[in-house]
Structure formats: C-alpha cells, structure tokens
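Below: a set of structures, written as structure tokens.
Here chain A shows up in two complexes: once beside chain B, once beside chain C.
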Partner chain A sequence: MSAIKPIPPVAIEKPKAKVWNGARAIAEAVKVADVDVIAAYPIRPYTGIMNSLASMIANGEFTADIIVADSEHSQFEVVKHASAVGARVFAGSSGVGLAFAAEPIIVTALSQLPVVAAIGTRALDDPGNFGMEWSDALMFRDFGWLISWAKTVQEAADMTLVAYRVAEDRRVLLPHFIALDGAAITHVATPVVPVTKQQATEFLPPYRPPYRIDPQDGPVTKAQHIAPSLIGPEQRKTIDVAQKRSKQVIAEAWKDFAKYTGREYPPFLETIGMEDAEFALIGMGAYMKDIELVASRLRSKGYKVGTVRLRYVRPFPAEELINALGGVKAAGVIEFGYSFGSPFGTGSLYHEVATSLYEADTKPTLLDFLFLGGREPTVEHFTQLAEKVIESAHKKPQKKTYWLTLRGEDI
Partner chain B sequence: MTVKLVKVTPKVERYPEYEELDWVIAHGLGVDHTADITSFSQTIAQAGSIKGIETYYYMRYDDSPERNYIPMAFYTVLGKPKVPVLLHEEVEPVGELFKVIAVFSSSLLLQKTAQRALLFDGAKKDAILLVNTSITTDDVVRLVKKYNLAQDWFGKVVTISAAKIDSAIAYPMLGALARGWDRIDLDSILTALDVLGKEKKKESVRKGYEAASVKEVHVLAEETEMFKKIKREVELPEFTGEFWTPEVYYAYQKAAAEAQTYPSRIATMPRWEVLAPGLIEFGPQPGKRNLGFTTPWRWQRPIIDMNKCTDCKLCHYYCPDGAIDFAPIKVDYDYCKGCGTCEKVCPVKAIKMVPEIEYLEGLRDEEVLRRFEQREYGF
Partner chain C sequence: MSSQVAFKNIKEIPPVDYYTSGRRTCAGCGPAIGYRLISKAAGPNTIFIGPTGCMYVANAHQFLTSPYAVPWHHTQLGGGGAAAIGVASALRTLMLKGKRKLEDINVVVMGGDGAMADIGFSGLSMGLSYDYQRLLYIIYDNEAYMNTGVQASSTTPWGATTTFTPAGKVKPIGNTRLKKNMALVAAAHPKVKYVATATLWPPLDLMNKVHRALNAGGPTLIHVLLPCPKGWFTDPSATVDLSRLAVETGMWVLWESIEGQFKLNYKPKPRKHVREYLAPQGRFSHLKDEDMEKIDKMIEEEWKFWEESAKLGRLVVPY
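Right, the complex of A and B next:
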C-alpha cells in the first residue's frame, strides 16, 4: 500500500466551538470587537448580556469602561455621548426599558452616532409580561436605526461584529440594533464558534469618526439648535440617504465576514426551498428554525413550501423580498408583533411585507399569523398555519389574520 | 475641495388674494413681550370683530419665543381672505401685506427682526409704523432713512412711550394704534376690552391715545442713503466631496453674514448633501469667533467701569460666548448676547448691565447714529 498523503493544514485556524447562550455569545463578540464603553441597566431578557460583560471585565478578560446607569434612559445617554467623543460603545435593553430610553435612542440616530445595542425582545408590559414579542424592537423602526434579527446564537454573535462594521462605515454612520428573540436566543445555549480576536481585528477596523468631539480635532458643535426653517428636512434627508446606502454596505460587510471567518450568510434574506415554492412562510428570528422544520415536513408530503427569513428590518429588503416571492401562490407572515387598530387587524411585519408586495407584478394571497402576548408557540401552531396558507391558494380565505395561541374565539 | 460660488436671487411674490386684507405685525422680544404682544393682537382682533370684520391672529411659530429676548412676532389679520391665510414669512417670500408694523422694543427698530425679515419687508406702501419708544417721530424717520429700513414709504409713524403709562405696554400701544389708524378706532378697542374682561385697562388705552405722536412720512427710495448697497443676491458656495469641511462651512457662514437681507439665512443654509453626519458645525477658525447670529437678541449690554476694574479677568473666563477679551478687558458687542453673567461674577461690581433701549435712548441722535455705524447695522 502506498503511503497516504497527509492532509495539509487548513488555512483558517478553526476555533473550537463553545456552548454559550445568546447573552454570553453577544458578550464574547463585544469583547473581541474591542468596545471602549458599555452602559448597562438590567432588564430581562437583556440582563444576561450585561452580566456576562461585567464578569468578563471583572475577570480581566478585556478592558472597557462599564457604566451601570440609573435607568435605561441614562444608559442610552451614556453610550450616545461616549460615541460622540469617538468611543466604540455597546448597550442593550428590552421591552419597557427601551420605551423609557426612547428619547436618547431616537436622538442617537439623528446625531448619526454608530451605537450598537442588543435588544432581547420582550412584550411591553404591564403586567410584568416577560414573554417574547417584537413590539419593543419594532417601536424603533421609524427613527433611523438599523435593525437586524438573528436566528441562531451563532448568527447573533456574528451579527454583533458586522453591526459595528456597518454602523461605523462612513457611508452609513447610523446606530444599529441587533434583535434577539427573548429567551429563544438570549437564554438558550447552543454550540457557538467564536470569532477570534485576530479575525475580529482584521474584519473590524478601529472606529474613526469623521468628526469626533475632541479638543485635538478642533472645535465642533454637535446637536446644535435646529429651527425647522434652517435645517429641518435636510437633516431627515441625510439620515434617509444613510439608510439607503447601508444596503450596499451590509452586503459588502457580510461578504467580507465570510472571508475572515468562513461562515457565509445571505445578507438580507435567507430563503430555503424558494426556487420552486408555491407557498411561502415569511418570518424572522429564532422561531424560523421551527418554521423551516414544518416546511421540510410538508415538502416531504409533496407540498412545495418554502421559507423566507428576513435578516434585516431596517433597511427593509423590499426588492429582494419581491424577487423571492415571485411565482408564489400564497404566503403567510408569521410574527410576534401587532399594531392595534391597524388595517385589517394585521401585524407590524405584515405591513412591511404587504407594502413591498404592492409594487410586485404578481401578488400572492397574503395571510397574517400572530403570536401575541409572549405565549410560546409550538411546532403544532406552525403546522396549522402552514396548512392554512396552502389551503388559501385554492380557496379564498375567510379572514386575513389568525391569532394563534389564543384561548377563546379569534374574531 | 473646491468652493464654487453660485448666485441665488431671492424673489418676492405678490399675493392678489391678500390685497383686501389688513395685516398687523407686532414685533417684540420673547418672554418679555409675549404676554403684551398676545394681548395687543387679541384686542385688535376682538375690536375688528366688533366692527364686523373677520379677524384672526397667530404667532410666528418658528421664533420659539419661550426663549428670553429672542425676537418674536405676532400677526393679526383683518378682513375676509379669499383663500385661507397662514403666512410664514420665513418660508414664503412675502408681498405687500402689512398695514401696521408695531414694534414693542425700540431696540428692534434697527435690528433685523430675528435676522430674518427686515422691519419693512412685506410692508404696504402706506404702512403705519408704531413704535414703543421715547425718541421722537422725527428721530424714527431719520433712522428709517439712514438705515434703509423702508423704500417708497408713504405712511405714518406713531410713537408712544408706553412704559411710562402702564407696565403692561400693550394697552398704551393699542391707544396709540387707534390714534394713527382709522380702521380700528378707540371706541371699538374700548368695547373689545369690555368683551375680554379687561375694563381696568381702558384708562391706559385712553392715555396712550392722547400721548401718542403721529407724523406722516414720505420716504422715497432715493432718499435712503444706503439703497445702493442693499444686496439681493446671495453667493452660495458649492461643495464637492464626502462631507462638508470647515472650509465649506466657513464659506457658508460668510455668505450668510454678507447676505444681510431677507431671506438670507434660508438661502444660505446648506443643501443636505454637505451636512456632516450628525449635523456637525465647526468651531471658529483659529483666532476668530463664530458669527454672532444671536446677537440681535441682546436687550441689555454690559458696560465696564474701567475705574473700578481690577483686571481680574473673571468676566473673561465666565463669559459663555467668549465675548470678553482681556488686556485690557473689553466686550466684543458683535458676539455679546447680553446674558449678564459677567455682571454676576464681577467681584468689584465694575460691570453694569444697561438695557439696550436705555443705552440707545440715553444718547442723543448723533451718538446713536455713530453707535450704529460702528456696529455696522445696515449694509
């Protein structure tokens, strides 16, 4: 027998997978991202992230100023100002905590400061509802923040690094939320391949703001008084254009990320089985894993079901979505957010999808499936709704929206 | 980065729909005059209503007059408009609209109102200029001519020293208005006060009516000394490149400063493309101060008694605008906003805040003129 040729060593040194929950994985990504200032204030399910960061800093794993603020409002003020003087910053919150921090969150985008913050999505209480709902993150849909949505713990960690890269790009300079489905990502531990310090350093250049507030750089004024007649619409346009430009930057960043880490992601939409699909299930976040499972089961029964997962809500990939849904007879939007009193009683994500499809040449029948109030869905629910989508393709559906997990009549 | 200059000529439009209307514009200083200007406008509107004229009044919203001393304005409209009217002279170039220009503080007389419109921008040819001042009608006319506030003006000047009659200066002003303008007579104002439940103020209105002095004026365009110097063209820098740089920023600032006439500020504010992310404005150039856009708000000024001054420089360090130089201590009135901090911190009480009005009116005319020349009001 001739000698077996030895396998050459792989070019990329593959780090060993760790078993981390979402909170820990995000914290580890923040660590390798070389963040300077972290502001924290506990609220479930975000708390795990700040706990992990705090213990890492305490253990001397990395150096950063961590400031535990007196409230979420102060927390986001701290990172806003730290970002303005040129620091790379990290914050995060959940549910009503974000609602309380709304004012600094909104002005952070208007000041074009690339703050990166994690949202452990949580229902907006009262009364103390800590279930998973999207309303808290989608509340900030309209203010210039980039918002990405992770499916897995691995993706959440990777998104954190890409978020810094996109947010700090000079063509963008906008703050970035990474939405993590509460509990489903933040509290679930899965194997994660960490991004090494070297990979992070190569992928993510140091933050160099074009105009930081620093005596060395000469005097600049930020957030000065703006009378509407002076710079009103112009400011809004600047943000608008930055959002539009971010699409290109996001695509570039994910491509580059694959180069450094070997992990490839489609930039905006993850489609599975959409090449020949007649039915589509559209959604975001961690529960897409269950939805993909349901789709594959139905496929084995002969139904051509595909899934479309949005990775970004802002900027919203409308063109990509229209392309993905071309040729689809019926589609269902699966979502955990709602807008009371909205057109046909539909949810927030449905509005985005329907608005995009209005421009499409062929429009599928579109249904909306709502999981509200934080009650956890099961595979059974997703199977039910997929069957409704299939049924709607040949039989006109009686209604547009379905509240799943609801006890009582869904009227 | 190349800075190219582009000429922009603001145009003034006429509104035929508004010709039947009589507009009253009342200028004052924010907070100090807000209540008085409101009462003044409200009473005129009520008086007009009593006479069967359709009326309404509103404030110039963009002024944000909740800030002390920021120049502010109220509009009162008398007559039935052919189209619904909501004028914002900021946004729309105005035609000949204002029949009455009421000035609640004579410090505003020569200042550009909020650095936006000039006092007579949008005025009718036969406008009535009503000023709360202790200087004479002749002095007012001379200042109008000297500083080119009006061209082709065949109206009236009414002056009243309102504060001597009533601390609520709106009411003597209303009396003076009735004296100078026949559309709103004294009786209808007095009836309006009844309706508004301000019977006690009737006496002030009557006194104002009697104390007011009225003078008919004819100001021809050629008479105004600086007519030729008026700039109706604004030169704007054009930008190229990623974001704006200090170079382009200063060019805009310079253009804004040179464009003294309405709508200078609007015309010289940049296009969105040049705005730096987060609306950065650059600091002053080395050795220079930023342009003092808010200087016209000043209603009081620090006067330093050099005999008392010990040259401790506290005022220099405390001045929030860096408007006080030292060696020797000297106030730069082009930047001073009149906040009074220097007076508060002076350990030897060498600094006194003198109301701008008092300062102006305490001088006789030649000195007043010289002062304004020094400050290069006008053009």
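Right, the complex of A and C next:
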C-alpha cells in the first residue's frame, strides 16, 4: 500500500453569520455552486427557494437561466435535459407537485443525470393541506435518487453543496434530493454561516458529464428504447452499484467539506448519548431538535435515552444503524410519513429500520410513532412517546404503532 | 432571412443523411421519410429530442443500433416541449458563461400528435412562449397513437376508425371529434417566429420550411401530416401519393406564417373531391357516400377562411 499523502492545511475563511430562513439559505448555496439552469414552478412550502433565486438572478448576483415552467412535470424535464447537455441544474417541489412530476423524476435517476433538487416536505392531497408530512419525498426512495434530510437551516445549505459534489462524482452520477421539513426548515430563520464563493469553488469541481448531448461530443444517442433480453437487468444494476458506491463518496465529501469550511458533520448518522443508551429515539429532520431535548431531559432523570438521526435515507446507512443500536433494549421510530396497509400499519421509515435490525445480533423492541396529516407535534408528545419506549423494555407493548390523533388516544 | 430557400431543386438536396439505417419502422412509414428529410434540412449541428411514440420505439432496435448520426435524447411522452427548453437553455447559458464555445446549434423536437397535441400540449405551449433561437417543434402527425396500436388522438380526423373509436352498429362514424389544428394553436403564441404546415409532398416544401424555421430567430413549429400504412390501412407504396392527395383535395392545407405574415403555399386548382383521398384508406372504408360529402363540404367551408387569410396576409381563424 502506498503512503497516504498528507492533506495540506487550508486556511478556513470564517464569514459572518446571516439570519436566513431555509429557503434563502438553499438559494445562497445554489448561487455559490454556480448553477447554470434552474426550473421553477410554485407550490408551498418550497417556493421561497425559487423566489430567492429569481431575485438574485434579476439583480445580477449570479448568472443562471431560470425557466418558469408550466408544471412540475415540465420543471423536471427541463433540468433533466439541461443536465444531459452539461449544465449544472437545480429544481425543487413539494407535496402533490412531486407526484405530478413523478415521471421525469424517476427517469432522471434511471438516466443517471445528477440533478439536484430540494423538497419542502408537505402533506399530499386530498384534502389540501399545508402541513408537513414526509410521504411526498419518501415516494421516491426506490428509484435511485440520493435523499438527504436536514435538521437545521445551516445543514440544509451545507447539504446542497455536498449534494452537487456527490451527485456529479463519476463514481455515482445519480440525482440528489435534499429534504427540508416544510415550514420547520423552509420558513424558519436562524443564523447561518454562508459557504463563500471561494470555498464552494474549491470544494466543488466543475460538472463534466461523461457523455454530453452536444454535437461537440459526436452523435450520442441516449435513452434509446432497449431489448430487455440484451441490457435490461444490467442497466438496473448500474444504478444499484452507483447507490452502493455513493456511500464512500458521501463520506469523502463531508470530510472534505469540513476541511474547507470548518463545519464537521458525521456523514450518515448523528447520534447523541448512544454510547451507553438503553433506549433510542430514531428519526430525521428538524423535529430531532425537540426529540434531542426530550432525551436530555429524560437523561437528567436517570433514564439512559439516546437519539439517532438519519442524515441520509438513500443510501440507507444500515450497518451504521445496527452499530448505533447495539445494546439498546427498546427503540422508537418517529416519523411523519405513512404506508397504509403495511405490516403492522407502520410508516415507511420503520420498514427501513426494522429491515436493517433483522440483520442485527440483538434486536431491541421497536415501536413506531406516526405524526400524520400535518399537525405539529409538541415536546409533550415526544416526551410521552419516549416514556412508551422506556416502558416497552420491561412490559410487552400492546401494539407496534401509535398515532397522534385529535383525541390523542394513542399517545 | 426567414423567407430564404435552401434547396431550389431535388438535386440540391445533400446526399448525406443524419437519420439512417438501424431502425425497424414499418415499410412505407411516413414519419420515417419525414425524419430523413427534416434531418437532412437541419444538418449536422442539430440535437434531436424524441418524445415517446413511433419515432422512439420503432427507431430503436433489438441490437441497440441507433439511426441517428447527430445527438439524440429520449424524453417522456409529455416532455417534448420542456426537454427542448432544457437543452436550449443549457446551450445558451453555457455559452453565455464561457463554459462552451459559441456556436449555432439546432434543437429539434420530433413529437408525434399524441406527444404534442395531447399529453405534451402544456409543455409545448410553454416552450413556444420562450425566445430560444434555432428551436423547432415538429409535430409528425400520423393522426393517432399508432405505436400503441392505432388509438385516436385529438388530431385524428372525423370519420376515422381507430381501436378507441371503432365504427360499429350504434356508432357508425368512428371518431366524431374534429381534428385539432396545432399550427393555429402555435400561431397564437406571440413569441413564435415561424409556423407552418407541411407533408411529404412537395418534399422541397417540407425541407425549406425546416430551414426557414431554424433561421427564424425564435421558437418555431411545423405541423407535418405523415401517412401511416399501419394505422391508415393503406398500401406502403401509397405513402407519398396520399400526402399529395391530402394537399390536392384540400384536406391538408399548406401554409406558413412568417412573423405573423400569412402565406398560402398551395391552392389546388381545381380542388379534387376528398373521396380520392379517403377511398384508398381502410380507416375510412365504413364511411357512406353522404359522410364523404359531409367532409368535402367541411373542407369547402374551411377553405373560404384560408383564401381570406391569403388575401389579408394574416390568419383568420376558420372555426
């Protein structure tokens, strides 16, 4: 083995913090990423990102073409094809907007085009609902998109730059969603340390796709109709391989990101108090802040509670999760998405966690807590569910899945 | 600029093809002949976008060959309008930002009637509202979803039998909707520089219209009628003859609108009875004489407007 070359020290710029909401912070990250083509279509709560970008472009803060599309379907078609030509692109949507764009979204992954898009998570219709739910983003967990989930506005902005770096890496070439909890991230203003233009340029190499749709690159024919007997399964396998490879690329990218910005993140799981934990609360997104508060309060009362936050749903960090939960007696999955009619009526995040734990040597009791329909949970709800998890370690629980409903009979 | 003629006679058509072998279209396929002429006229610096349809599926091959000698990218059935905007936007932005050398590149969408007049209608309209140059939408109109087995679209003519609008005992006519006029729809977009209709006959008319469109300085659309032996139930050798008969019976009107200036390209004198166009086609074989008379009368009425438009030099909406 050759010796590892030492990384030369980089002078880290320390720009002043700004007070930005998630939408603005993402837009600022897109700006310093030197994105070329953006496609917009309005739907709450992600729209603010596009409002910010449009205003930056109108004021000459950076050069990009912003296409005002006629629908989400067109929006994702625009960026898919601009990406195929060699442009760095950005799109986004929420709720039923993503459902309408499902066709080009799915095709983008299977075509291996590194589109980066933000999701302001929102409840799906019917009835119309501005509340936050995860089922819009989790609709796309099976098609090859990389999906990361932000806890803070700062992390959302940082994830955007890392997303371009990972998506465009030749070992990966997959599109990337950054999921932002609707309202909780998109609309909440917090202090954010921006990534500077110089940091972004050094961290993010220019996008160079291997086969561009451009006469300069000769007569490339892309996404030709195929005979399944010839390359059907092989083509699917390339996506599988790219997803598996992305784990290493993600780990590298976050390590490098810390080098340039001084902000360190664990690549896949953020664990707090898990070293000696007997009980674990597992979740993602902005409400983890509340859940972490609940865990620390319970710790001060003598309960060994820890939290596990997933930063990526795709690729799903199964080994990391198994390791984090080793020695835990009981755990609860806290989620805002549903999967009606599924085993035990749990949400889809529970399925992912339970599938991972099936391979673990010791399996904790696993409960599922569903916050659906967009109603905001409170610290009180999280406290009650944490108590349920603690109780389940010594008393067999009556059921696996608990809901927050109007009468609150479940939690 | 926009009225220029690239090809004065057949001998001037370049021998090089950009749509060549490696496909499995039906014998006598109108859209395939159209693709060949259109790509010849567009030349080598062209990117083709292919929404799903015959010219996607039938241009593929069991052995992964490709008939395209220029860059080509599939897009979804309803994605033609937006995909072309994505390509045009990327090219322009990359050139503007100095990430790619400056060059004229044509972006041509070959969308079928289903892809452009039905499912991709909204995206097409969006595309026509932008100002990208060298952007050409071709509707290759074989008047039904032929690839999926001849189902009616909104450009299927009145009286045609299709698998979704079969002529039967209770419904003897078949398709009873009237053909959507996509060139008129395109002309209603104020940014559009050039709109035309064409068919395989005369071939130079089609090729010169492609040339004019690509040099018009904005988004353009050509609605091209292309006979389909499979769905029209016609002899493969009759494809070009049917194109000619469509024009000579007045069923298909050759016109162009250059920055709003209307020009009637061909006026049949005397106009042949539509029976000559309908009778060779199996899809109209259930029609009675009175039905054919009805169609002929509709053509007669519509032509008054085309002639009026020609006289005024601007479009008069005939419906």
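Observations, loosely collected:
We adopt the following convention: the second predicted complex is superposed on the first by the 394 of 411 C-alpha atoms of A that agree within 3 Å, B and C clash if a C-alpha of one lies under 4 Å from a C-alpha of the other, contacts with A are read in each partner's own complex, and residues count from 1 in each chain.
The criterion applied here is as follows: contacts are C-beta pairs under 8 Å (C-beta built on N, C-alpha and C of every residue); 3 or more make two chains touch, one makes a residue touch a chain.
Quick caveat, the model's predicted, so the values are computed rather than measured.
On the superposed chain A, the two partners chain B and chain C do not both fit; they clash. When both complexes are overlaid on chain A, the residue A:224 reaches chain B and chain C alike. Touch criterion met: A:210 reaches chain B, while chain C stays clear of it. With both structures placed on the common chain, the touch criterion links A:36 to chain C but leaves chain B unconnected.
Look at A:71: by the touch rule set out above, it reaches chain C but stays clear of chain B.
When the shared chain is aligned, chain B comes close enough to touch A:173, but chain C does not. In the superposed model, A:79 makes contact with chain C only, not with chain B.
If you count the residues of chain A touched by chain B and by chain C, you find the higher number for C. Residues 84, 218-224, 226-227, 230-231 of chain A touch chain B in one complex and chain C in the other. Residue ranges of chain A in contact with chain C, taken from their complex: 36-37, 39, 63-65, 67, 69-71, 73-75, 77-87, 89, 103-104, 107, 206, 213-227, 230-231.
Contact residues of chain B toward chain A in the complex are 62, 64, 88, 90-91, 242-243, 246, 265-266, 269-272, 275-284.
Taken in their complex, chain C has these residues touching chain A: 44-47, 49, 56-57, 59-60, 62-64, 66, 68-76, 78-79, 81-87, 89-94, 96-97, 99-101, 103, 105, 122-123, 125-126, 130. Across the complex, chain B is touched by residues 84, 110-113, 170, 173, 210-211, 218-224, 226-231, 233-235, 237-238, 241-242 of chain A.
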